[in-house]
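In the two assemblies presented below, chain A is common to both, partnered first by chain B and then by chain C.
And then the complex of A and B:
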């Protein structure tokens, strides 16, 4: 898929398309509200929660500050365990490395566990173009695959936007003849995907956290597909974002205290699989080869700059779950595999402002994301920084620059402010009489610089004749007299 | 195995991004989270290990059955019956004899089949895939989260706890810990001492909510998880 999709549509067109899917909005709202509520319930009983969050944030920051050291340690340990370690500077290099492994094994059938970085480097397209039989095994991702590789809409629940009727039709088209019922349909998926697990040549996963001191990689799932993909095929390929690292197993415990709670509101996932290299010669199952591809794809550039904190992200989705904008838009309008607050910070860093410079504006800057991020990424501050950088990169229209310069002068000088608001109220009243709504400035005034962007979508209330401070002053005088 | 030059190039870019020319040889770990870990352990330890484990298992949908060592065979038999009997696959480890589990082979409707190292691996996997129940002996348990920590080695294959419809683990209470903090420290030693290549934390059955957020048990992993906790050893 790559990072961006549906780019043939503008952001506004993607929003309009998403507005037609009433089910997706309700399902997204229900799911995200549920995750948030469950997280609140679990963490309310844990007085250590805030301390674990702080510790997780400090740990992530420490790792980033010493990423070269810890990566080197991980590479040495993983190699000592018998894993083969490769490097992917970009998506192309990752693709070439993966295809090389396939070729060496004459492999054609691959099963995949859900992995955002695998989508980022578009590995499915690379494999399918090369003629490989690719099967996504997370139920939500498989559903998307059946629908002609539809794009995910949430980091944890990629098929949130699909209703059971749509899923049923997809299953029927693939041999299902049971009832339209989640239980029976899941049983069908279990059977179909079990065949794929058992016949696969290669398993590909992402990596939730790699552990430097042991050279191990971990994958967490509730479904068990992560276990299958890492146990049954003879070759296991791990796609690992270079920042997804913890120094020790004890540090993994710290991150585990915040990760699953933040993602779905439970203490732990059903499975946490830890692979410490290929199986030993006397073992009868497990991969004979483990390949870890450590991926940069722009991360080292982010590490060097003012957005470094974004690399703390552990892909839990908590920011999506709490974001009021994501709540109403759902995932697809973002046009990026990374949605919500973390997506509008990360995507422009990976693909540039020319392709994604509008995304930092898909936010109210309410800061709820920052409040909920388990590793204290200052998301809303990074979003604002993006806006400043976008404005600097794109330049500002001269009319807009003049308006803001004038506004700055007025706001900086009390006498000018009093004069402007004194004049402003009757002027706005007069303007509203020309419009279609008395008491408001409406879309008739959209040609005005700055103001036009506001009234294009909503009506602007008028300045009142009396300022609030004057009302309060008069009330106070009245009280004193009375 | 790694290409040394490729590694050097890759890491150099990161070192440069961090404002340095050479790779550091030592780093002082700040020890984040220790106070929170200790506070959590102290809080949970106000209750008994078994009570916390019972609650953890219930939260995760795992069936917990405490048993004295002398009762393990009978309790496992009850669990097998609750899952409908059928083929039970087990590892050829000494605990089978310790708990007298060979007697399970005599139960009507139960086929007690070993993961036989003399058999080709593919045949063992096929048998596990068609088994009703897999029986294993995990390394450790975590009370707080209702978890069993299952390792793999020559005798305990991954497939035994993964492929069958139900999974029964027999865990000694002496191997149960209150929190993941303790088990991670021990796991580090275990991985090193035994050259472990695969460890899975199992906390209840396989689940999904990917069809309209309806929680369904048993997607890819076992549909049922049962823990027999041996309370006197």
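And then the complex of A and C:
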């Protein structure tokens, strides 16, 4: 998929399309509210929750400060236990490395567990273009695949936007002949995916966290598909963002605790799969080869700059769940596989302002994301930082910059302000007389620039002829000294 | 106590009665209130849209207006946050102005926090019969950390019944320039907030940030004009509620 999609539509067009999808809006609202409520319930009974968050945040910050050390340690340990470690500077290098492995094994069939970084480097397109049979095995991802590789809408629940009728139709088109019932349909999916697991040549996973001290890679799933992907095929390829490291196994525990609570509001994930190299001579199962591809794709640049804290992200989705914008928009209007607050910070860092410079404005800066982030990423501050950098990149000559510069002068000088409001008040008065509502501007004025965007669906009060400062002056109240 | 009031440009322009109410409450509590006439706007619409340099004129004007004051009280939570926190980032490259900004920041209080934490008052002697839903605005609640003061003050208003508001601390969707730059999204969020107010059964919507109230009131009024509901819901800044007798 790559990072961006639906780019042929403008942001406003994507919002309009999302507004038509009543089911997706209700499902997203219900799911995110559910995750938030469950997390609140679980953590309310845990007085140590704040300490866990602090510890997780410090741990992530520490690893980022010493990333070279921990990467080196991980590579040594992973190699020592038989894994083959590769580097992927960018999407095309990752693609080439993966296809090389396929070629060496004459492999054609691959099963995948859910991996955001795999979508980031568009590995499915690379594999399918090369003629490989690719099956996503996370149920949500599989459903998206059946729908012509539809885009995910939530980092934990990618198919949130799909209702049972849509899913039923997709399953029927793929051989299902049972009832429109979630249990029966899931059993069908399970049977279909089981065939794929058994016949796959290669399994590709992401990596929630890699452990530096042992060279292990870990993934968490709720469905057990991760277990299958990492143990049935002969070859296991791990796609790992270079920042997804913890120093030790007990550090993994800290991050797991905050991850599952923040992601879905439970205390434990159903499955934790830990891979420590390929099958040893005395072991019964496991892959014969394990390849770990450590992916940069812009991360080392982020590490060196003011957005470094974004690399602490553990991809839990808590910020999406609490964000009022995401709640109402659902995922697709963002046009990025990374949605919500973490998405509008990360996406421009990965694809640049030309392609994603508008995303940092899809936020009210309400700060709920920062409040909820289990690793204390100052998300709303990073969103604001992007706006400053976008404005600086666009320069002072842009139309918008000049409007704001002018506004900045009016809002700084009492005499200019007095002049502007002195004109504005009677104008608005006259406008309101032409409308339907006394003392307000209503939808009659929706064609006007800027103002029109307010009055389309909200009434606007009028600039007062007597402002507070005039009342103060008239009442001889307060200090009117300059 | 002599108090310099930062009224907020929005209150000055659109809701002078809110400013008057806030002043009356402070005076009744024994404060001498100065309203410096050189204040205009704290500059946050520009800061929050990324136009830091263009915001500097307004930022400096605000600092210069208030830096001789011993006590500055802001009627707006979002302005208080801008002055207290954002100004130092805006002026990071101008050490002299930075020092002056820090001085003002150290003397600045949000209005409800000033009443409770500085004046030590929780009961201002107000009376207002009605059912009140309180919107916990983002800046006051999360960014300034003022969670208890407004609720404490409201709890002592005679004959006033507080009703729970669903998702009270969820953003109202104003977001400064977001309200017009991304209006399609803003509308979705404020509509939800308005529905929560209607469903709460309240006849008064209250908050400590007039920008939020302007936003929610605008939607509530439009919904009433369209016949979506038909009872009276007054929208009052907490200063107006506390000034009621």
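Throughout what follows, the second predicted complex is superposed on the first by the 399 of 482 C-alpha atoms of A that agree within 3 Å, B and C clash if a C-alpha of one lies under 4 Å from a C-alpha of the other, contacts with A are read in each partner's own complex, and residues count from 1 in each chain.
Operating definition for what follows: a contact is a pair of C-beta atoms (placed from the backbone, for glycine too) under 8 Å apart; a residue touches a chain by one contact, two chains touch by 3 or more.
Because the structure is a prediction, the values reported are computed rather than measured.
Participant: Given the touch rule stated above, what does A:149 touch, chain B (first), chain C (second), both, or neither?
Facilitator: neither
Participant: Pick one for A:388: touches chain B only (first), chain C only (second), both, or neither.
Facilitator: Second partner only.
Participant: Answer with first, second, both or neither: which of chain B and chain C does A:412 touch in the superposed model?
Facilitator: Touch partner of A:412: chain C, not chain B.
Participant: By the touch definition at the top of the document, which applies to A:364: first (chain B), second (chain C), both, or neither?
Facilitator: second
Participant: Output check: A:353 vs chain B and chain C. Expected answer is one of first, second, both, neither. What do you get?
Facilitator: It touches nothing on chain B or chain C.
Participant: Residues of chain A touched: more by chain B or chain C?
Facilitator: Greater contact footprint in residues on chain A: B.
Participant: According to the stated criteria, A:469 is in contact with first (chain B), second (chain C), both, or neither; which is it?
Facilitator: In the superposition, A:469 contacts chain C only.
Participant: In the complex formed with chain C, which residues of chain A make contact?
Facilitator: Interface residues on chain A, with respect to chain C: 12, 15-16, 19, 324-325, 327-329, 361-368, 370-371, 384, 386-392, 396, 401, 404-405, 407-409, 411-414, 417, 421, 436-437, 440, 442-443, 450-451, 453-454, 456-464, 466-473, 477-482.
Participant: Inside the complex, what are the residues of chain B that reach chain A?
Facilitator: Touch list, chain B to chain A: 1-3, 6-7, 9-11, 13-18, 20, 23-25, 27, 29-30, 32-33, 35-37, 39-40, 43, 56, 59-60, 115, 117, 121, 124-125, 129, 144-145, 147, 152-154, 157-159, 162, 179-181, 184-185, 187-188, 191-192, 195-214, 216, 218-222.
Participant: Could you pull out which chain C residues touch chain A in their complex?
Facilitator: The contact residues of chain C facing chain A are 4-5, 7, 9, 11-16, 19-20, 23, 33-38, 40-41, 43, 45-46, 48-58, 60-61, 138, 142-143, 170-171, 173-176, 178-192, 214-215, 217-219, 221-222, 225.
Participant: Touching chain B in the complex: which residues of chain A?
Facilitator: 27, 30-31, 34, 46-48, 51-52, 55-56, 58-59, 62, 65-72, 75, 79, 81-87, 89, 137-140, 143, 157-160, 163-164, 167, 182-183, 185-187, 189-190, 193-194, 197-198, 213-214, 216, 222-225, 227-228, 230-232, 242, 247-254, 256-257, 266-280, 282-286, 294, 296, 300-301, 303-304
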